Amino acid sequence: MNPAVPVPLRRLSADARAAILLPLVLFLLLAAFTPGFATAGNLGNLVVAGLPLLVLATGQTVVLITGGIDLSVTAVIGLTSVLGALVMSGDAGWLRGSPAATPVALAVMLGTGATVGLLNGSCIAWLRMPAFMVTLTTTLFMGGLAVWLAQRQVHAESIYNLPAAFLLLGNRPGLAAGVAIAAAAATHLLLTRTLLGRWFQAVGYNPRTALISGVPVGGTVVTAYVLSGMMASLTSILITARLETGSPSHGRTLLLDVIGAAVIGGTSLFGGKGTVPGTAAGVLFLALLSNGLNQLNLSDFFITMVKGAVILMAALLDVRRNRWARES
Amino acid sequence: MKGDTTPPTSGGRETRPPAVSFEDIEKGFFGVPVLKRVRFSAQAGRITGLVGENGAGKSTLMNLLGGNLQPDSGQLRVNGSPYAPRGSGDARAAGIAFVHQELNLFPNLSIAENLFLTEFPRAAGGLPWIDRRKLRDRARHLLDQVDLAHDPDTPVERLPPGERQLLEIARALGAQAHLLLLDEPTTSLSVRECARLFDLMHRLRTRGIAMVYISHALGDVLNHCDDLVILRDGEVVGRGPAAEFTQERLVSLMVGRELNQLYPVRTPPPVPADSRPREPLLDVRGITQPGRVRDISFRLAPGEILGVAGLMGAGRSELARILFGLDPHASGEIRVEGRPLEGGPRRRIREGLAFLTEDRRHEGLCLEASVADNLALVTLGQHARTPVRWLDLPGIGTAVARIRDALQVSTRVTDAQPVRTLSGGNQQKVVLGKWLLSEPRILILDEPTRGIDVGARFEIYQWIHRLADRGSGILVISSEIEELIGLCDRILVMRQGELSGEFPRGEFNREQILAAALHTSTS
Amino acid sequence: MSANPTPRHPHPSPCRFIAGLVAVLLLLTGCDPSDPSAGKKSPAVPTAAPGGVRTIGVAFETLQTEFWVAGFDKLKSECKARNITMLEAVADGDAARQFDQVKNFIQRGVDGIILVPKDGKTVIPMIRAANAAAIPVVLYNRPADPTDARHTTVAPDNAAITRETVDYLISVAKRTGRKQKAMILLGDLSDVNALGRRDGFEAAVQAAGDAVDVVARVPTDWNQEKALAGVQSAFQAHPDIGLIFTSSDFMFPSIKSVLSSLGKWRKYDQAGHVILGGFDGDATAYQLMTEGYVDATGVQDVYWEAEQAIQAIVDARAGKAVPARIDDRGFAITQENLKQLAPRMWGAKQPLRP
Amino acid sequence: MTRPLPSRWIRRALDQAPVLLVVLVLAGFGRMSDRFLTPDNLTQILLQAAAPVIVATGMTFVLLTAGVDLSVGAVMFVGAAIAGKMALAGYAPTLCLAAMLAVGLAGGGINALLVTRLRLAAFIATLAMLFIGRGLGRWITQTRAMNLPDTFLHWGSANVLGIPGPLWVAGAVVLIAQLILSRTPFGRQVLAFGNHPEAARRAGVRTRPLQAAVYILCGLCAALGGGVALTQLGSVSPRFGEQYEFDAITAAVLGGTSLFGGRGRVFPGTVLGAILLKAIFSGLVILQADPYLYPLITAVIIFVAVLLDSLRTHLLPA
């Protein structure tokens, strides 16, 4: 074991440790070369900005561990946002003004994600449809549904005037951080310390072996997608509260970041491998990158290109890492 | 010089150099020697059997020949000239072809395309098109040589496994190979298909083709090989004409110690049939699934080891899958201690069933997962505490360590190592281990020793006995009749999806069992 | 590795890891960046420490059409002319990312923020955050929904300008003496501007009674190829479509492509001309109008809007009163008034070739 | 019997699911509007499908090797951006299109390098290329739209022997691809590799050049498809080629190509898939469907297609 590795890091698995190095290096680079970067205010902004992605990528990690992929998360964010707003908005909500509006809306939002996840999971597990196509189709459908619903119900592209109780999640970064981190931590514990977590892994490594070993494969797969859907809903709750608006276009551009974060964090696209700390490191890395690129005042197209290049480097590093791991 | 102990060759070929010779080959990995001054040769027109336990260095030898590895020192010669391949292309160019245990065929392509995948006949005129007619003709010519009567355009997915093996050999012949390396080619073949394969090998021998035959089925090796080479721990510990060896001698050379018998003796002798308890452990009544099995009925008593013999495709594995709830059955009933057995594998595991499948790599293990995770997989539920089914990690660790020690999985293996990196024998021990942890009352073993070396086999047999002694019922499916005879209390024979014979211990007779499996016109 | 005893649990100690993570994050988030304590009550004009303007943050929702690029470039050159540093950010249609960018600007202490919001609602918390930091905000080209958050809007009225444009198109249609079949190429259905233009179109059509009959409303998601396919298909259903309105000028090439292949690409004074109208007033539209193919387009004065936006920030910083709304009165430029209004059309001032 | 065996014709019908679905969709729209099934409209649908068919053909090759290329849209954009720049600088259109193909070659080459040499997962490598390409294209165009000289449009609408130019190009690409796949050693090796890469390597197939060739081919097809789209659109916008990656994958999968490699055909499969997508859009426009319902209806039809395919491959006994 490398004696140069600081003690707290030794407690992490090798993969997660390697993953955490990336944001660390980036942080040091940015801190050294970007004025105004390493200020408490900026770092606070950066963390708050990364919260939705953290929740979303955590859910995606679970699905990736089972050997699947969930492209529908972005559409779930939009649909959830619209449905939640339709329940609680003071302008057009079904429960406008009622004290029950916020709790019911939260339940509806989480339920939406769970339902879409159930649909995805059922098609994949029971009808044996390829995850990529199923979730691509649900993206198309749910995305369209969200726009249509908003238009039909309130004749607008988005819905404002959400109850103050709901907006607390947006106004209090500490609360949002608490919720997001709790969700990520719970998922981490679920993956490492519970039976279900091991089942996710087994299914991802080899579904046939898992089935014969008594793992309820279908149910496990469905659960993974339901979990991913609910995490997407939670992401939607965070974004909706922060922007104080229910809109079908929330989260539309997050998909590539989500998968990027998971892969940078050492999650395999072929199933079995992946950790929440690794993914969190991936999220942190992307948040640092995006913040740093903003600070450097680069133009839009450079930011896009640098992002691509960085994902490429991270993937390369991952290949190297696996090769080292295999050789040692 | 060499040649001092090369066996006398048949029919005036003394002057020809050997088809392949290994001259003081050494090879090590990370400082650990795997091959130590290996020295032997294989002659044209002869079948050379290469035997040894797993890890003895056979695959390394094959990899050297195939150009996947390079020797640290020593010289390889093919037909007398030095041979230093750098890749599979060099091996092909030198006329060396491999027939692997795992088939390298493409079921989505036709027979002809599989045969000529890298050597398609081109159409005239410089265009890259395949000349379909020439392709078919050549394919038919090759198929004739291996006695396959299929249309060359048939997709390979329609061929049974045995014929696919013959197709692999046809492919080697198509590549003009003069040296054929057959690595465990019979593992997935039925008795009849094996016979066909050996028949073909004998014919190829008369055409002057050299063959190196690797197998754990020592009976086959003794019956069909002309020369034998025995490897142990990277060293050649014996070689010579096959006639000079007996099975016992082979085993003792391979293992390096005298093994009194291949099968352990059951210390408390098997329970006699008449004193068995009334209630059978497993009661199978009239199981039928169209196209798979028909009207199968039998009982399995506690402590009984019941063998199931039969040809490939006779419905043995299908029966096992139905018993374990992996496949449906149309009619019939399965009872465990009088209670009807329902549901999928999960429910059946709870009822005390365990199933070691024939396909270790794809159904038995999660290859990329660690040894510990694989061992713990079946019994994780027992270590989970409600309400969120929190895992007792120390408890799991203890259980895994216990079974690992008990199974004597190689000490070089760590718990965190991916199972993929283990040898076949150790992998099979891991599969067995995960089921042993569940303390099954009914253990179904489908080809439990396929591709496993003698030493590991013996250990697996011992575990089977131990479980039976504890009162579990054990169903063993095997294509090796000797194995069933050596291990079982009773043998059932299946043929074309039906039960076609039953033999209690004492009436075991290899020929009769084979006859029951083969469906002769008399029955 | 082999010298160490095999770790029994390959997994990290989760509790410790998470505890550390939580501690760090709470520490970071403890200093609430959008602390609403600063400057509570003030008039509709942003109050700010009077003084010069050194840095302005410009956050665009997208740069995907000519129109936005023109505005962006104008802001850039205007800043340069006034010796102001311009920080730039593009949110690619993601409101959350835009919020992050605005916070980033606030964090870096800009003297003013110019925003093209994703939509009129998500921008409100962003304005509040800037209010809290006493930084003046100007919304460029897209208004916010009614709110008490203080800001200035420099924007055209999409619906009104479109209405004016389509009214002209209809008047042309009436002159043909026949009832014309009409189609509209819609923008992205979740884009406020697209919806405003649609509403303007529908209102004009409604008012025209039965002078025109709208037979196709094609969503394009602001995508040229979808526009192309949509126009093609619409002509299949109704080969006699006589009026097309596109919600943005950048889709004219798609229309041109289809009409050319149908032999209907005719100038306005030729027989068989299909009445064409658009919105933006970009260089393509200007060229097509001077060539005589396009009848009218709704023009918003990009350059004027950009200047006003920066002036508003400078004024606010100087302590002057800035109105809450600065209207780009925009106009419909038509074949009839092309000559006199062309100087006010931004597309006319911009070289078509980049 | 717990599960009745489906009669032979149901199975056969499922085998032809892509064809049936196209026929059903065409017939359905045809019933609802007499404007839909006219020769003119069918030609229009084919014309609209021309560019996607070409791109999806390249994608089919990649999917057959169990890979994926998410960068096709970005490659199209970079190619179009460079071609557009050249056209506006006065270069001959042929030269511009040649440059576009060169971009395709280069893009495919880089993907090939990343996947075969550096051993990156195709998904992540081409995803990164998607970002880089989009950024590069925006930089080249400065996110400005470019209107091309009319020569391009003339090419796009030119008829040769009564058949529009883009259909000739698409037809040629499909024909060549189909011949390559079914008639050349390379094509058969692609199928072999997709089925079992390791076995293909052991059988002596030179897998790295093969894989590289597939990505280069895909890049080339993307550029060619982009070229065809360019002659149809007559302009380059900053969103040129967006979503093409998903459309191409969808078209291939609708046509029965497996995402796991080794199974699929360019003709009729992928071609039908691309036509189906365009036919749906055309039908919805002609029927004047509510614009908001377009994605919903499209999603449902794609879903049915994918469902039928999985029924065929997984749920029914062989």
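A, B, C and D are the chain letters, set down in written order, and residue numbers restart from 1 in every chain.
The working rule: contacts are C-beta pairs under 8 Å (C-beta built on N, C-alpha and C of every residue); 3 or more make two chains touch, one makes a residue touch a chain.
Given the structure is predicted, the values throughout are model-derived calculations rather than measurements.
Set against the Cα centre of chain D, the chain with the most distant centre is B. Ranking C-D and A-C by contacting C-beta pairs places A-C first. Note on chain placement: the centre of chain C and the centre of chain D lie 32 Å apart, centres being C-alpha means. Note: centroid distance chain A to chain C, computed from Cα atoms, is 29 Å.
With centres set at the average Cα position, the gap from chain A to chain B is 45 Å. Mean C-alpha position of chain B lies 69 Å from that of chain C. In chain B, the residues that reach two or more other chains under the touch definition are 393.
Counting partner chains per residue, chain D has residues 138, 143, 292, 294 touching two or more of them.
Multi-chain contact residues of chain A (touching two or more other chains): 147, 151, 193, 299-300, 303. Within the complex formed with chain D, the residues of chain C that make contact are 63-66, 68-69, 186, 189, 215-219, 222-226, 228-230, 232-234, 236-238, 250, 253-254, 256-257, 260-261, 282, 284, 287, 352-354. Chain D makes touch with chain B in their complex at residues 1-3, 179, 183-186, 188-189, 191-192, 195-196, 199-206, 262-263. In the complex of the two chains, the chain B residues touching chain A come out as 324, 326, 344-346, 349-350, 355, 357, 362-369, 373, 376-378, 380-381, 384, 388-391, 393, 434. Interface residues of chain A facing chain D in the complex, by the touch rule stated above, are 123, 127-130, 132-134, 136-138, 140-141, 143-145, 147-148, 151-152, 256, 259-260, 263, 269-270, 299-309, 311-312, 315-316, 319.
Those residues of chain D that touch chain C in the complex are listed here as 33, 35-36, 38, 40-41, 44, 47-48, 51, 88, 138, 141-147, 153, 156-157, 229, 232-235, 237-240, 242-243, 278, 281-283, 285-288, 291-292, 294.
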